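To keep things clear, I will list the structure first and then write my remarks on it.
By written order: A, B, C, D, E and F. Residues from 1 in each chain.
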Amino acid sequence: MKLIIAIIKTFKLDDVQDALSKIGVEGMTVTEVRGFGRQKGHKEVYRGSEYSVKYLPKVKIEIVVNKKLEEKVIKAIKNTAKTGEIGDGKIFSFDVDKAIRIRTGETGPKAI
Amino acid sequence: MKNLFYLFSLLLFSNLFGFTEVLADNGEAVLDTGDTAWIMTATALVLFMTLPGLALFYGGLVSSKNVVSALMHVIAIACLMSVLWLFGAYSIAFTDGGDLNKYLGSITEKFLFNNVEWNALSGTIPENVFFIFQLTFAVITPALMVGAYVERIKFSSVLLISGIWLFVVYAPVTHWIWGGGWLADLGVLDFAGGLVVHTTAGVSALVIAILLGNRNDFPNNVLPPHNPGLVMVGACMLWVGWFGFNGGSALAANSNAGMAMVVTHIAAATASLTWMGIEWFKNGKPGLVGLVTGTIAGLATITPASGFVDPKSAFIIGVAAGAICYYFSVLIKQTFNIDDSLDVFAVHGVGGMLGTIMVGFLANEAIGGTAGSLAQAKVQITGVVTVAVYSLIATFIIVKVVQTIIGLRVSDKDSQEGLDITSHGERGYHL
Amino acid sequence: MKNLFYLFSLLLFSNLFGFTEVLADNGEAVLDTGDTAWIMTATALVLFMTLPGLALFYGGLVSSKNVVSALMHVIAIACLMSVLWLFGAYSIAFTDGGDLNKYLGSITEKFLFNNVEWNALSGTIPENVFFIFQLTFAVITPALMVGAYVERIKFSSVLLISGIWLFVVYAPVTHWIWGGGWLADLGVLDFAGGLVVHTTAGVSALVIAILLGNRNDFPNNVLPPHNPGLVMVGACMLWVGWFGFNGGSALAANSNAGMAMVVTHIAAATASLTWMGIEWFKNGKPGLVGLVTGTIAGLATITPASGFVDPKSAFIIGVAAGAICYYFSVLIKQTFNIDDSLDVFAVHGVGGMLGTIMVGFLANEAIGGTAGSLAQAKVQITGVVTVAVYSLIATFIIVKVVQTIIGLRVSDKDSQEGLDITSHGERGYHL
Amino acid sequence: MKNLFYLFSLLLFSNLFGFTEVLADNGEAVLDTGDTAWIMTATALVLFMTLPGLALFYGGLVSSKNVVSALMHVIAIACLMSVLWLFGAYSIAFTDGGDLNKYLGSITEKFLFNNVEWNALSGTIPENVFFIFQLTFAVITPALMVGAYVERIKFSSVLLISGIWLFVVYAPVTHWIWGGGWLADLGVLDFAGGLVVHTTAGVSALVIAILLGNRNDFPNNVLPPHNPGLVMVGACMLWVGWFGFNGGSALAANSNAGMAMVVTHIAAATASLTWMGIEWFKNGKPGLVGLVTGTIAGLATITPASGFVDPKSAFIIGVAAGAICYYFSVLIKQTFNIDDSLDVFAVHGVGGMLGTIMVGFLANEAIGGTAGSLAQAKVQITGVVTVAVYSLIATFIIVKVVQTIIGLRVSDKDSQEGLDITSHGERGYHL
Amino acid sequence: MKLIIAIIKTFKLDDVQDALSKIGVEGMTVTEVRGFGRQKGHKEVYRGSEYSVKYLPKVKIEIVVNKKLEEKVIKAIKNTAKTGEIGDGKIFSFDVDKAIRIRTGETGPKAI
Amino acid sequence: MKLIIAIIKTFKLDDVQDALSKIGVEGMTVTEVRGFGRQKGHKEVYRGSEYSVKYLPKVKIEIVVNKKLEEKVIKAIKNTAKTGEIGDGKIFSFDVDKAIRIRTGETGPKAI
């Protein structure tokens, strides 16, 4: 099994989730994060003073999938999360050692 | 509040102004229920400006780890000043000080509201209503200064500085202008506190900010206002409450009060749009925090003028307030690098002084009994300079004394973690 | 505000109603401090409805990326309308327009509050108090329309549309009904603005929503209200402030004002429970946002009737308001698929029209001098139809013109990111 | 509200007190616009205490998953009580009950405000103003009890208990004290509701808390207040509104009202500082939630005394309120392990009873017509004991009945998930 | 060493933490997340319009433990986080390469 | 490639980010988390009742870097995040299998 972590633009979440549902991904976990990267933060100006906001709001999604779905998932995310502008985000993938569904105790691919 | 001379002329010409008669057949002053109703209402409105208005205005501007602390400063000051007002400060401001009357009232005479018939009148309203109305002014003035020292000051110093300041700065200056002291004799115009409230608070705030020193993160890593919505809500409450502040300072429910409300509102709206316009032009985006800062600037600036000018002048004052206070907020922080954190001096100090001077030129004789003139403007400038200098020196000494006794700043570690947890043991949000 | 005829009859029968005498011995009208105190208070209450009441009500209903923007719309409108009210709009509404008086007052006569003695009276209160009281109505009416276009409109269009609208729709319609125009002549009853405020705003809001187009995510992916608590706080402030809105429209502190407060309160409470009951029945759960929407529906609906009906009728009006406005909020959005985002038409438009018609039947002669009757109901319907049609056409033209000049919508990308950052450069929460 | 005897003496001595004359030449009572303006204002202020003041005070104290629910309790109660007040409760409290008059008024006489001339007077104000002013007291009293049962109660039980309670406890006790019943005959002093409001609510809250049972997480895993800032904002609104509560209870705009405002404010400020001081001493840190709890304790405690004591006594009452209510809040929760979740009994119950007893000793004859004495204190204690015992027994029965019919608690699972979603289908924050 | 990630129901956090303490786990890191899975979100209805809330609040806990504790930790979580109803959550485990305690610079098992 | 996860004290974030920038790290992802560890939570006292706050606010940073940067990154974090007091936090490192930049589709080291 693989854990795929994608960091994407906030407003792309719904599109990505739709795309993943279509290829059979049934579960994922979403976290609000703040990103720092090539896309520089912005300045907010209050009363003539600048405040630099270095970190931009992003969304992180974590999906554990069967190895053979990995490529499809990556492709789906890549296609739907892309705007072509800087700051679109990253996809990382990792090996998962074990997976368990708490409700049933099922393990491995059946758990996800 | 008009000075005593003005009050007198009002009584004299009350028929001219369409007042209901305030003297009973036998010539004694009697209570007017309408005036009383209005000043009691105004009292509630002015308390509302501080609690929660000003508290929210400041609370929204600080970072989320200091929001409890900012709220705490404001409400603790409000409580303490209320008690001290009863314990002598009212007496200093509003009794006859005998030989020293030019400068001070007597602290003992109405200490604890002693020696006052419970149903004594002050004009057409009960003196107890006058007492509580004035109390709300004494509460908000030191609370305004909170904006200068948030996010780094020790809580005990807040209380100590504010308490001493009430007796040393606020009560005497009030006596000078509204209590029959030397500036009243001079004929200075200050309808609702351009000098008494805004100049004293603004200048003193600047002094505290300088002596206390900048926040560690100032100017580069300071966090932006954590909640512009709160700032706006606070500003709106201040705006609404200011109807009581300025309108109530007529001490009656009459055309003078009505006109004070009109000009207050027009100046506030105009200054808001002015500030918004400047930001739109300079940053490309009109911001909410900026707009409502303009509101407060407009309100502070119209305050001394509110019972003396007409709506046209209010519009002019509004434009000037928005532009000049904006300019000063940049100047103090960027150019002078002084961390008057929430711009108390630029907004209240500059606004109060500006309005006090402008009314010298713009006063409309029909409305307030005094015509604008160069002579009057000179009187006004005398008032501004003396009040500012006195506030500066007195506050300098107070702060130095407090610094020596208990110190001023929390540790760097505590300010890094935030005053909410380190000074008050509470967290602003458990969402 | 009653129409002039009604005001006249009040004066005539004032003794009957237990008023204090408002004429001095020589027969001239004199100022009543109690009435003045009340209308100044009412002014503060109505301003409070908009700032921050309405702003919070709307701010809580939008998503968290548009909260600053919603607050900004409301307060910037409030500021701009205040200034425009001084610059001619008041004059159009409340002066004699000569030959055109049936339709319009004169824009020049009281432009900048010129040609008004500073202490002139309007009935028993200063005219400047009447001016500022009426100003607060002119401020809230275009601000109500914000609910129709949030989350997608350009900020500059908000200002431009609202500004033109004040002159073209609000001021003339006010003149028709409260300024001695043709609907006043006809005897239409509108105590506090069922037509002047709620019908004009509600219908115009619908027009804007249609011309502007739906939010991109409407109806399927729209985010739920980001903070029901804020919505409730805003609604409560509106409720409290409405005592000034309806009670103040008696322009005096008397039984008429008192009864207006009673019926206002009963209708609001009843409509709240009605809406809550419907949701409880239909969804299985009574919701907070629903209950307080019922509150506002009840308040809008009782508004035209508030000085004319008794508490029993208020109860009936409350039930009708809760049920019918609920029905329309579903109808407009689900059936007609119109993204009147925060239900301005369903709540204010429908409420205002419903109340205006109901008062035609339910008016109690003892209270307001007019008895409910079929004849009166016809007059009321005439009022509703003409005001609605006029608002519709005029707003249609205004919006089309503004669209041509500067456009209406922000880019899709900006609305996706949220207007807070893209239009105002601020973020609602840095927690 | 003073009792009838007191009202009578006021009328008698009105000239002495500097009142404007309230009797017309022919000896009939006439409306006073100033008094009317003030009581209408006070009405708005007291409604504001509940909506949104009290709602926010409680909303900030619960955890973030129950904030909608707490707000909903308060506003739904407010709506329901308002309607029931019209449907008979007012009549029970304030009409002559004939043979039973010592204990009850007639439910039918003013049911639906029937048999009341629309412009009838009550003293110098319209009876409809008296009706709506009193309504706001009837609204807040059961709403205070919300603090005892949040985070675990069924919403339907809230409505049912509160509705029955209004008729069985609130209206009769009001009749005893302010409606000419047996405690009024006895000469008990309760200016603004130490017994009528705070003792009834506080004792009943304790009974409900016991019968309902503790929250599952009590006392070890209860979440801390989710938003101290909201608590503070609510407390400030309560404070400001309390000027209307106590000051309005003079039912006139006069020195009595003014003095009530002064003592109210001093007691609140003093109790705040006292509570803050205790926490500072005991925990090493002065907290915001503590300070504002002291505020409410001070306000509740001064309530019965507010028209009878002078500022010095207010200071004493403030110190006592802060210290004793603090002590009881620890006692009830820690020692007795009773989950009166937001300390309704410790703050309101104890405060109301304490103030009612203290005024027996501290009453100043000049101000309220009654001198403090042991005899008066005994009368006061009689009042406290009977009202407390009656509230206890009646509420016990009401709760038992409701428990039998529809049950009291939500399921453990629902309270774990939070009442916002499970009872109301809404979430407090979508940030 | 192993990193164990568990996504559980919010209100189970305290129970799980207690259970872990009992078996000697001394540290963990908790994140508020939003989950998407078989347990479908709910609808919130405001003014007669439905808003679908697709993501449910969950809590993610991350624990780095010594390999030999792994099974005990998984079991403890499984047992305490289980309600038997849909949406109970998942447990995933991963290999950790290095672990360092910042305060002391200790590495490996001693660091955790 | 390596994923480095560091859990640090909140107020150290800016320092750490500066230090990382200096050694050439161009991107990272930041999450607000709550930590449980040797540093015990605190008690908040409201109205005389104690509420124990078991979890302390911490910040988690996730950085994917080229293997050869790993040690430098760890060192930089260790040095800047350290106060020497309990609760300074941890650094963990993991193997990353794949990395993709969504905007360009680049993979591997070029993606980060």
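Going forward, a contact is a pair of C-beta atoms (placed from the backbone, for glycine too) under 8 Å apart; a residue touches a chain by one contact, two chains touch by 3 or more.
On a predicted model such as this, the values are computed, not experimentally measured, just so you know.
Colleague: Spelling it out: a chain qualifies if it touches chain E and also touches chain F; which chains qualify?
Modeller: Chains touching both chain E and chain F: A, D.
Colleague: If you average the CA atoms of chain A and of chain D, how many Å lie between those two points?
Modeller: 53
Colleague: From the mean C-alpha coordinate of chain B to that of chain C, what's the distance rounded to whole Å?
Modeller: 33
Colleague: What is the distance, in whole Å, between the centres of chain A and chain C, each centre taken as the mean of its C-alpha atoms?
Modeller: For chain A versus chain C, the centre distance works out to 46 Å.
Colleague: Residue numbers in chain C touching 2 or more other chains?
Modeller: 32-35, 37-38, 41, 223-225, 283, 285, 287, 289, 425-427, 429, 431
Colleague: Would you mind listing the residues of chain E that make contact with two or more other chains?
Modeller: Each of 31, 44-46, 53, 94-95 in chain E touches at least two other chains.
Colleague: Examine which chains touch each other and state the graph shape they make (line, ring, star, complete, other).
Modeller: Drawn as a graph, the chains match no named shape, so other.
Colleague: Return all touching chain pairs.
Modeller: A-B, A-C, A-E, A-F, B-C, B-D, B-F, C-D, C-E, D-E, D-F, E-F
Colleague: Help me check something: in the complex, which residues belonging to chain A touch chain C?
Modeller: 11, 14, 42, 44-46, 53
Colleague: Flag every residue of chain D that touches chain E in the complex, lowest number first.
Modeller: Against chain E, the touching part of chain D is residues 221, 416-417, 421, 425-427.
Colleague: Which residues of chain F touch chain E once you look at their complex with the stated criterion?
Modeller: By the definition above, chain F touches chain E via 2, 6-8, 31-38, 54-55, 58, 60, 74, 77-78, 81-95.
Colleague: Residues of chain B touching chain D in their complex?
Modeller: Checking each residue of chain B against chain D gives 30-38, 40-41, 43-44, 47-48, 51-52, 55-56, 59, 67-68, 71-72, 75-76, 78-80, 82-83, 86, 112-113, 118-119, 121, 125-126, 128-129, 131-132, 135, 155, 230, 423-431.
Colleague: For chain A, which residues count as touching chain B in their complex?
Modeller: 44-49, 51-53
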